[in-house]
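Pasting in a structure now, in structure tokens, and then I'll have a few things to ask.
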Amino acid sequence: MLNFRNDYSAGAHPAVLEALCRTNMELTAGYGTDPYCQAAADQIRSLCGQPEAAVHFLVGGTQANKTAIAAFLRPYEAVVAASTAHICVHETGAVEQDGHKIIHLPTPDGKLTPELLRAAAAAHTGEHMVAPRLAYISNTTELGTVYSREELRALRTACDELGLYLYCDGARLGSAMDAGGTDFASYGETCDAFTIGGTKNGLLFGEALVIVQPGLQPGFRHCMKQQGAILAKGRLLGVQFDAILHGGLYLSLAAHANALARQLTAGLEALGVPLLADSPSNQVFPILPDGVAAALEAQCAFEVQERLEGGRTCVRFVTAWDTQEGDVEALLSVLRGLLGQCS
Amino acid sequence: MLNFRNDYSAGAHPAVLEALCRTNMELTAGYGTDPYCQAAADQIRSLCGQPEAAVHFLVGGTQANKTAIAAFLRPYEAVVAASTAHICVHETGAVEQDGHKIIHLPTPDGKLTPELLRAAAAAHTGEHMVAPRLAYISNTTELGTVYSREELRALRTACDELGLYLYCDGARLGSAMDAGGTDFASYGETCDAFTIGGTKNGLLFGEALVIVQPGLQPGFRHCMKQQGAILAKGRLLGVQFDAILHGGLYLSLAAHANALARQLTAGLEALGVPLLADSPSNQVFPILPDGVAAALEAQCAFEVQERLEGGRTCVRFVTAWDTQEGDVEALLSVLRGLLGQCS
Amino acid sequence: MLNFRNDYSAGAHPAVLEALCRTNMELTAGYGTDPYCQAAADQIRSLCGQPEAAVHFLVGGTQANKTAIAAFLRPYEAVVAASTAHICVHETGAVEQDGHKIIHLPTPDGKLTPELLRAAAAAHTGEHMVAPRLAYISNTTELGTVYSREELRALRTACDELGLYLYCDGARLGSAMDAGGTDFASYGETCDAFTIGGTKNGLLFGEALVIVQPGLQPGFRHCMKQQGAILAKGRLLGVQFDAILHGGLYLSLAAHANALARQLTAGLEALGVPLLADSPSNQVFPILPDGVAAALEAQCAFEVQERLEGGRTCVRFVTAWDTQEGDVEALLSVLRGLLGQCS
Amino acid sequence: MLNFRNDYSAGAHPAVLEALCRTNMELTAGYGTDPYCQAAADQIRSLCGQPEAAVHFLVGGTQANKTAIAAFLRPYEAVVAASTAHICVHETGAVEQDGHKIIHLPTPDGKLTPELLRAAAAAHTGEHMVAPRLAYISNTTELGTVYSREELRALRTACDELGLYLYCDGARLGSAMDAGGTDFASYGETCDAFTIGGTKNGLLFGEALVIVQPGLQPGFRHCMKQQGAILAKGRLLGVQFDAILHGGLYLSLAAHANALARQLTAGLEALGVPLLADSPSNQVFPILPDGVAAALEAQCAFEVQERLEGGRTCVRFVTAWDTQEGDVEALLSVLRGLLGQCS
């Protein structure tokens, strides 16, 4: 059975697993105050070019988004996000559970723009409305699209103008950096806070939250604990991040997944399969005849993104650090066969 | 200065004020457990044909919506509403503050339909998404449109099918009943809960919340107190509702406001002024040239609804129980003059 | 039937009611932005000697406490209060509903002290515990006791030392000022925020919240609206406060209630009835034999404070602005009779 | 350096680590819907004798407590707990953050009793107070004490009588079962819900939440996701629990820790050191002269529980699955020396 279902089921990269095994019996201080977390945080500060940034390690992405937003905003302040954003659709109202409205902005490609931010700000005036205060972007987006450095800078400028924090959900930050020509410093420079996702790129679990903006740093560990978001054996997060960031492994794993996704995209285009979005990253969204999508399920694990009109189904294929080149070829071969039968 | 700004600034109807003055020095039980609240609740149960309904009196509309929704839903359950709904736009995220997402549905006329409800339900599956659980409608809507009895029944059927509660925000329920051919029993029959708005129709303040669905009744007074929504001298609400419901006064005040709004609408149409929505109720939304709207401000209080393209402004005129026929004539006369100058 | 049950059931003072009737048909701006609210706020700023204070008018005390605390604190910050405090016992967890823990401190007399604050602060360290951030006092307390100006100043000093806000719930502030030798300026000088209660001292309803601390002022109207705590016909609050503050009426009504309570206390002491607390304000807590308390119910409305050991019941008698001297005499006479029968 | 600081820093037991390594590259369904979670849940249902119980796996204890309580209660419902309970003191107000008050009950030994529950219920009446609805116990308690099966049954009876849910925080359930003569079935029989703690007994992380009460089961995964409490690679929890429960390993690790704690206790008693509480479990609370406690820090990691009067310090020694008998002997030897110097 081929597997292009997601990038969070793959296990830990061998180097990460080895580090966990090697340190298993060490007794360190708990709750993320250990030397491994310290070392990983130092690596991150250095990579981002932000020596004063606060770095916290959390277990998962919803937890990181939720904890950060709850910590950063006053009760009546709202989040602005693309309507396809993870926090809008796939986090069961986690942000609202902590009291904050998310203003959903329809976009064609899952990306916020300065114009969208300005329009949202202009539409919210006076005390009978929530006050937009934080722009949430995900990079890569939920449609596989990517922000460039110039786009990040333009958002930063708009946020400064409008009094908004800029927050980047980097659950797939490695893929975004590889595909979009950004680096860690791009986020350190433009975002008030952002996450570096480990769960989808070589770790068992773990997201690093980098808080660049000094005004957002105080009290954050209190907020983490209140959200149940401090891991007792916190070193597990430091050990993993320390290992994956070592020697550029994090980026090379993401580059591998992206390269295979591009190979898949090229193959799909050669087969004449249209794509939902122009994704340069590790998620590919081909639009298949319903019959092909149905038949594919017997040979490959994947997710249905959306049922479309005209007997078509948009599916999602995801590559990961452990995807093999042969898997991509095999998938294309299967699709070639199914499309031939359908035509 | 003419005043068509809103319907909540008008004072209490003389009969209501008289009742308040007459009972001022009576010492009754507090917190809404007095005979006046009891009598008003009995009147409401009788008018609605729901002898087992729970009736609670709250001071304001946002408070009533917020308290009801917080009491009715479990943490992950969501509200479905038209994107123009009061709870979506003008309550500063009050529903989200209590932890619940509102799913905003774009509509042309501010009204939910069974189709919209079905689509919203179909789009929310699995535990990574909120679970739609309560359909919020306002009647009249924020655009002045109105639900008929048949439309309410169709929504009820859809809600039963989808496992949704049907909640009607009746801040202008009198106007809705007069304009839409519904009566109190229409709501008792179709809604799980609804409010009867007093603030905009003859009271100093006050909304009656009618909870028809027995499963939603337990613990509601605890929820009210927790929200700061039990008035110490609770009798003030009972006294006012008792007076306004007596002898059909509530409906006749609403009918008066509606009649003047229709007169205004007819006059506007005679002047060739287009309207944003086809409102049969006490809110009228004419679209004026920007210059006319600006010039009008010197002679009449009103609100700007929306700036439109092409140098046009949509304004809102609201009639109330205290609006005079002469005021309508005067407004039309002023507009006639301004439009003549502009053309 | 005599009535010493509470001080919130009494109607509006005639001067207040007259002002409401006189202004009933005026059309003013809504939501508390009218000239009456402006005038009342100006009076309060002047009385407090705090020309830069923000003044907001809310309908009830729980609403005021809840809205203020939710607006002032970050998620992990906690309130410190006497375990008898209104917010601890009688507000159905309203503060917790907005996410904040209250640290309950047992006290003999319902009053916080610098020592108690210091001990609470010392007991809360590190991110696994909430961070005490706001000291809540009520004046008068729930046991009728009162803070002097010196005590307020000592609390202020301790709060400065510990990084706490000082918040005073003044639901009975008139009584507290009369009994404790404080004036409005005492609170302006020592508190970061405090309320001036109207509901229990001559108004139909209404609490004025005075926010002295500039850092706590921004965004407060957003928070009010989000809590459902902005009254549509907001002028009703301004009109009432403007009337009751005029010419010292507020204080004279409180002084009347206190004087009658002292008369009652003197009579009780003459009858040999012990008191739960040494209350100089308008609440008196005599300890009666169970039989006397039970028999009294037929002739006087009052509340039971607490069942005590040894067949005794502590009851609460409350005087109000409308209590008559004859009522006190009548109550004492009834008690004299009942106690005689019991002995 | 000796280490008796805590039981959550020890790494995974070799059998657990081996299982994680062996399954690392398997691709399973995400979010806890995999066969390993299924198998572990089946083991737990079988051990508890509750074939219909719902079993969920969460990463940490605060997260488990917080998610369960938020899911189980309506807004105004409160938790009753010993004032030393973890949720009262060491979870940064996590329960309150979700809107629920905890009623703190002082106890000598950290244990709730039927009498305490009845008194708490009796003290909360009417809608101005929160409604107690869930009794939270921890077993072992934060003082190392333990509930017997009879005590659990007596609490169950009281909860039935009072309309309370009984929830047991089993962060140290293995230790509690070994020390108190209970087994998994004891909790299945008496509790509405309880946790089986893995973090402190051989796992990298993980708590299993068992929901016995059918009425509390629906919607729980939605609540977990909303709290950020569903792990993407959910199988990590299933794999670990499956391994630790296999062949009674969970209980034997706990028995080992308890045995060493008893050895330590016996040694302390032989040295004449008094103990704060009579703990039969893996936490020991000796009371040492301040000088001894201070000097000990150079040779042993431990936590200070409380500074006491009279120059004494209560410290906490914790044994874990990886503590060696020699460590206990070494600690006793060090203490013997320090006590000799002090006397």
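Quick notes on this one:
The first chain written gets the first letter, and so on, giving A, B, C and D; residue counts start at 1 in each chain.
Here is the rule we use: contacts are C-beta pairs under 8 Å (C-beta built on N, C-alpha and C of every residue); 3 or more make two chains touch, one makes a residue touch a chain.
Nothing here was measured: the structure is a model prediction, and the numbers come from that model.
Set against the Cα centre of subunit B, the chain with the most distant centre is D. In terms of residue-numbered contacts, B-C and A-D present the same interface, as over half of their contact pairs agree; the other options in C-D, A-D or A-C do not. Subunit A and subunit D have Cα centroids separated by 34 Å. In this assembly, the C-alpha centroid of subunit B lies 51 Å from the C-alpha centroid of subunit D.
The distance from the centre of subunit A to the centre of subunit B, with each centre set as the mean of the Cα atoms, comes to 42 Å. Counting partner chains per residue, subunit D has residues 75-76, 91-93, 97-99, 127-128, 130, 222, 225-226, 230 touching two or more of them. If you check the complex, the residues on subunit B that touch subunit D are 31, 70-71, 74-76, 98-99, 127-128, 130-131, 219, 221-226, 230. If you check the complex, the residues on subunit D that touch subunit C are 75-76, 78, 89-93, 96-102, 104, 127-130.
Against subunit D, the residues of subunit A that register as touching in their complex are 3, 5-6, 8-12, 17, 20-21, 23-30, 59-67, 91-94, 97-98, 199-200, 204-205, 222, 225-233, 236, 301, 322.
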